[in-house]
Amino acid sequence: MIALLLFLVPLIGGLLTFLPNKSGMARSLALGSALLSLAGVIAGLTLFKQPLYWEFDAEWLQTLGSRFSLKGDAMGMLMSLLTSIGVLLAVLGSWNNDVQGSNRFYGLLLWMQAGMMVVFLASDALLFYFGWELALIPAYFLCSIWGGEKRIAVTFKFFIYTFVGSVLMLIGLIYLQSLTPNHSFQMQAFRNLEIPESKQVWLFWLFFLAFAIKVPVFPFHTWQPDTYEQSPTTVTMLLSGVMVKMGLVAMIRWMLPILGIGVFIWSDVVICLSVIGILYASLIAIRQDDLKRLIAYSSIAHMGLTVAALFSLSGFSNNSNVVLQYHQVGFQGILLQLFSHGINILGMWLLADRIERRFGTRKLSELGGLARTAPTFTIFFLLIAFANIALPLTNAFPGEFLQFNALFHAQSPYRFVFLVLAGLGVILSAIYTLNMVRRIFFGETNQATENGLRLSTAECLALSLVVGLILVFGVYPQAVLDFTNDFSREYVKAIDITRFLAK
Amino acid sequence: MPINYYLFLSLALFTIGMVGVLTRRNAIIIFMCIELMLNAVNLLLVAFSKMHHLKNLALNASVGTDGQLFVFFIMVVAAAEVSVGLAIIVMMYRNIHSVDIQFLNRLKH
Amino acid sequence: MNLLLLAAFWGVLMMFISLSGRSHATIRLIAQVGMGLLFLSTLAEMQGFLIYDLKAAEMFAMDRYGLVMLSVLSGCGFLYFLLSGRDMANVGSDYSEYFSLIFFIFCGFVLVLSFTSLLMLFLGIEIVTIPLYILTGSDKRNLKSNEASLKYFLLGAFSTGLMLMGIALIYGARGTFSTMEVVGASGIPTRLLLGGLFLMFFSLAFKVSAAPFHFWTPDVYDGAPTVFTSFMATLVKVAAFAGFLRLFDHAFGSLKTTWQIWAGAVAVLTLIIGNITAVYQQSVKRLLAYSSIAQAGFMMLGLYGLGDGAREGMVLYAASYSLATIAIFSVLTRMNDYTIEGFNGLAKKDPWIAGILAVCLLSLAGIPLTAGFLAKFYMLQAALSAKYGLVVVVIAVLMAAVSVYYYFRVLQAMYFRAAEEGAQFPAFSTGFKRVLTLIAILILVLGIQPGLLLHYLYF
Amino acid sequence: MFSFPNIAYFIPLLPLLGFLVNGLGRKHLSKGAIAWIGSGVLALAFAASLVVFLNLPSGGPTLLNAFDFIRIGELRIPFAFQLDALSSLFLLIITGIGFLIHVYSSAYMHEESAEHYGRYFAYLNLFIFSMLLLVMGANYVIMFIGWEGVGLCSYLLIGYWFRKPAYTQAANKAFVMNRVGDLAFLIAIFWLIARTGSVNFVDLPAALSSLSSSDITWITMLLFVGATGKSAQIPLYTWLPDAMAGPTPVSALIHAATMVTAGIYMIARSNLLYTAAPLTLNVIAVIGIATALLAASIAIRQNDIKKVLAYSTVSQLGFMFLAIGAGAYGAAVFHVMTHAFFKALLFLGSGSVIHAMSGEQDIRRMGGLKKVLPITYFTFLIGCIAIAGIPPFSGFFSKDAILLSAFLKSPILYGVALFTALLTAFYMFRMFFLTFGGTFRGTDEQKHHLHESPLAMTLPLMVLAVLSVIGGWVGIPELFLHGGERLIEFLSPVIPVVEGHAISHSTEYLLMGLSTGLVLSVIFFAWTRYRQYRSEESSAPFARLLENKWYVDELYQTAIVQPLHRFGGWLRSFFEPKIVDGLIQGVGRSIRYISQQIRLLQSGQTGNYALWMVISIVVILSIQFFVRK
């Protein structure tokens, strides 16, 4: 029931938001819907944990063998929490900048949320695909209507790019469905499939391309910096904070447990790509003068690490619990990081947006000295920046720690190389993040930054929420780890190659 | 006389018509070539119907008649096409004082 | 068969009305009522109500599938009259004749959808095409219209020749025109039979404008008066496809292995040529002409992967494609500027119309939650099961991505670009908007719950 | 609650509390309040540490398990504290010296506005908190948390005057170089987890058995790389001299007394592993002595009073690593302690000097301060004697222990070490004489408000001076006093005493005598040379090499930093847009081009259309009938 609610609330909320023409009205409606869905998730995480609340199943497209079935496993719950937090922050962050046509703006925003909820909760492949696109279309319109000056071309590239990926995935889905005995799109049916290696080898790419473009994995990332730079920051928050996670969740849910062998065959290639991506993105970030692009590249680097860690999970356990144990450790880290990185990057964008709106520039070279003129803002920024470089006692540290651990246990001859190279990313991230901090906040002020900036109540609220989450999960990550423990234990069994070969 | 002769004859006619369509520029003549193609078909149909008639005469006296029936339909339809087609050509002529299809190139790319 | 009788009757009726010089309004009203009746009568027939039971089983026999298809056609035809009936008056003086011709064309549809003998297929197709020659050329003063109709006529007649030759060869091989018997129980085809089969394949490919027999399409669609282009590009094409499917399903089904690969090849070629060529077009009308070729490519996939899925998909495709295209054309007809730039800033001027057009374009592009997506989905599913399916399907979806490119150019024009100063947009009546809204809703509903339409196929 | 061991919880919590209060209330609290809170929490923490120290049970460590930081299946990383001889000793040093330096700072930083004053003390408290985490942590992960925490605080405090670009640059440099080491540390941790499945110190003895010798070598090596980052050894030492950008008390606390010794502490912690890895020990010994020598040589020609001290710190740290390399962990820890005393003293003294000279740091413009700054002068002298290693000052005993261990390892090491010790004595007294001896060389308005620092600054100096004198006595070797070597004995539960380096007392006497004598003569030489100031602008290439610190910074710049920058720029401005994105754009462009060409098929000529149709018919039919089987 909760699951269905999480999908319906934003859907209907969006519909309602479209109606009024007074901007304040739409804004409040959006906030209401965001709060409602957040409340729904929290209720679902605390009072109504039992599966029956998180599962929903109804007849739909029978002739196609697809059902409208939502199923919130631990990961789904976590991601829906992230989604609703993200939307809440997005609404709060845009509370004071009056977008014209705000009813359409917030309406599309909420529909985007609905789509993402479906992606995170769907246990039916076709439904998942619907959500995938439902999240994409509003994003496209949001970016192209309210974006920067180069918005049309850029977001069009973004759309076509991701669309190509998703249609290839669609083929993959249809193909898998045709293999299932009773032509069903149900996730369980897919997982029970026994796909010969020869097929998995190419099926892998149909799926991987779609997800890799979304995440994005080097070299499929070029849409991202442009899009993040051009689209309104409120949307960018959702894109990079939540939508990017769709790619990873999709890999976790629709690739590793289904195409285990294919994943294993290509895992070295993928890890290699992601590691290259880490260094590549970090190096570019070091030389980046545009704040938004810098954050975009840093997020590419972080996601690269997560993907590398994920694909290093695929391997033979030979039913030894030790190996499974290590895989679980890594996977826990990935789940943790999915959540943490979402939170951090959301905070990052809030700050970047504030800077851009206050000083009308994103150029680091045109900023400086804010530490003196805007101390409170500086503290928020520093905390989130340190979370971005995974400093201990911030939420990113345990995640990255466990992910590196996973990389260390990858069943690949090059794992040590991968580990060290990915580790260099940690150093580089420190370089570009601290450089960013230095150039924005330290040094002398110029006439632009002379009279600082003041945070509104809404923004303070949003930022405090972010920082609170950062510190709480930084000191006590076990809260999340306990929550996902059983799920991850089952999961690593499900993706174990030994199991695939046993079939 | 073996059926193949008819077959080849009408195919030859058909091909002649086709080649005419490809080579000629005058709309009227092209149209006549098309008519030629249709008549080749008619000839063939009649021949076949005769053949089938003779082949299974024992079973059923009326067999094969449908082929000839078809020919009439073709004639009718052809007549209809002629009327429409000529009308169009006339209209064309009225506008550009020519029936050369090479002048029909306002619509392209 | 209700529709056949009614349509014929109404066609004649409309002719006589023109004599009695009624006002356009009344003529249009009568025509619309007539089309509505056609639709209702088809529904009624599905419930087993027959005005008069024609006993002509060896010539034509209407089956469930044909009825559903027919109801889709007549339904779309009704909406088409509601939307574009008014605009026909701008084409020429013979207002009611246009309607009557369209009614006659519907008679042709019935035959194409129900033939059991090649003769009826031939007649049906001719009954459909000959009036179209006239409609294409109906704008007598307009050279483009003349040129289009002449091209259409010459090439059409040519393809008719091919079809007849095909029929003749088949007859020669088997001595019958009945679709049930043209392929013997042995299923070992003689060269004669195969030759006939292929000739029919070519001519039908011509009718549905599948590459490499598509060349007439852009010119004719571009030259014809836009109202009639809309009709030709949607209902006629769909009906032709239904006939195509029916023939190769009923008559040549057992020879599938022989022609399937060619269907696939033609489909791929059509997709590539249609989509790629559309990319460069500047005029929306011509763009839609090429997009109709592209869509034909997708429908060819249905023939390629012929089966229950494909049959269902074809119905859905017919509905979604016709609805969307009719809607877009109905708006286009009234635009002053047919180029893509002509749509700049429409969303600001008239958000409602723009929104509906957006839905239609998304549906044509095959974006989920619209009927267009599920239609394509069915086709892909069907094609994937066929031989070499994967290659074909991959090409198909890549081309779908290309199609997104040009459909979205219109979308961008409407939403993201500002209108040039002095750009005039026509005023749309509320009734017009209501009908468009209905179409949009239909598209979305079919996109989410296609069962509503498809379950008629079975009960 | 307030009894052992739970009281230990207060040791880190109090500074944390201070950090929060000072940090959040910095706008509202008065300077006095801030100072009192900042130092007060430290005093309390010191008291708590004393309690811990006194109640420490002999033998095994006491574990305090707060909660599980990370627990996944078998892998369990508790947020736990470990109290034993080693950690309790460090607790005393950190909180004790930390307290003194807080007191000192309250006066030293007095010009700062209340808000920044609060920020300063907040950072300082946060540093103490992280440092305490580092030494109290019961496993490598908690240690690592503290490890990066102190790095963070050092970053914040180096860049405390954030308006000066050079300072923030130095801060970044420090953090990044530490990060390099931290990466190695992390990998070592992963390695441990992979092989033993645990990171707790208490599990180490058991774990040893399950580690192959190559594993141990790798792990110890990686840990050592981590240590070189934190403790400023070759090749990662260059950040420390730059770190002098921070306020002087910070340099005293972080970059002399506590943080930089974290590396020593970490290795002492893992001495079991290291004892099992002789190869690593050799490497450490070499690196240590090399660093010591290099830094000392540079210090000779530095004129910035703090820079001299900074390089001497690096050099002393080198000594400690030498001791570790020689297997004398006890000696290393001993030297950490004494060094904390006299180096803190020296830094604070220099701070007092700078304070008096109103910000002047160049010793060439000082001189003759003996009269105006008597207390500073006297305490500073004690510090110099201590670091030079003259009995019975603290430095002598710890350094002697190190030299002895070096001698036992190999005479060559001993020789180099001794030479370095002499260099130390030389540059220290060079600085001393230039600063206090001779006549004043500063500007007049500097001269006229020269003044002795307030009590809040001199008091810590005196305390530290006393400690620098007597601090070494806890480690008086056997041969002077029966039942000496108390420190080694105290540490024995953590650092097993290795028996059997029996060398004859005569040799020991000889060595001590030798070193002492040489040191005294070097000091005399320095006195003769620098009693009266004369500028030493020698253009001798070697001298310039030393002045420019062997050009190591320049080397790093050209060899690592700039290439990376250029590469990144190339990626950003060429590779990304032209190659990666270019491919994507290229697809679109080529499609548009193809479309432009294909259009031309649509010639508009009916004849062509028919021709195309016929051609394709012929092709298809011929393939069907003549090619296809």
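Lettered A, B, C and D in written order, each chain numbered from 1.
Operating definition for what follows: a residue touches a chain if its C-beta (ideal position, glycine included) is under 8 Å from a C-beta of that chain, and two chains touch if they have at least 3 such contacts.
Every value quoted in this text rests on a predicted model; they were computed, and no experiment measured them.
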Message: Following contacts chain by chain, what is the lowest number of steps it takes to reach chain B starting at chain A?
response: 2
Field: Pair joined by the larger number of C-beta contacts - B-D, A-D
entry: A-D
Message: Let me spell it out: compute each chain's centre from its C-alpha atoms, then which one is farthest from chain A's centre?
response: B
Field: Centroid spacing, where centroids are CA-atom means, of chain B and chain D in whole angstrom
entry: 99
Message: Can you compute the centre-to-centre distance for chain A and chain D, using the mean CA position of each chain? Integer Å is fine.
response: 37
Message: Quick check: how many Å separate the C-alpha centres of chain C and chain D?
response: 79
- prompt: In whole angstrom, how far does the Cα centroid of chain B sit from the Cα centroid of chain C?
  reply: 27
- line: chain B touches at least 2 other chains through residues 18, 21, 30, 101, 104, 106-108
- prompt: What are the residue numbers in chain A that touch two or more other chains?
  reply: 160
Task: Return the residues of chain C touching two or more other chains; collapse runs of consecutive numbers into ranges.
output: 150-151, 154, 158, 218-219, 405
Query: What is the complete set of touching chain pairs?
result: A-C, A-D, B-C, B-D, C-D
- prompt: Once bound in the complex, which stretches of chain B touch chain D?
  reply: 18, 21-23, 25, 30, 101-102, 104-109
Message: If we count contacts the way the header does, which residues on chain C are in touch with chain A in the complex?
response: 312, 362, 367-369, 374, 377-378, 380-381, 384-385, 390, 393-394, 397-398, 400-401, 404-405, 408, 412, 415-417, 449-451, 454
Task: Going by the contact rule at the top, pick out the chain D residues touching chain B in the complex.
output: 599-600, 602-607, 610-611, 614
Query: In their shared complex, at which residues does chain A touch chain C?
result: 60-64, 129-130, 133-134, 137, 141, 144-145, 151-152, 156, 159-160, 163-164, 167-168, 170-171, 174-175, 177-178
Statement: So, in the complex, the side of chain C touching chain D is made of residues 150-151, 154-155, 158-159, 162, 191, 194-195, 198, 202, 206, 212-213, 215-216, 218-219, 258, 262, 273, 276-280, 402, 405
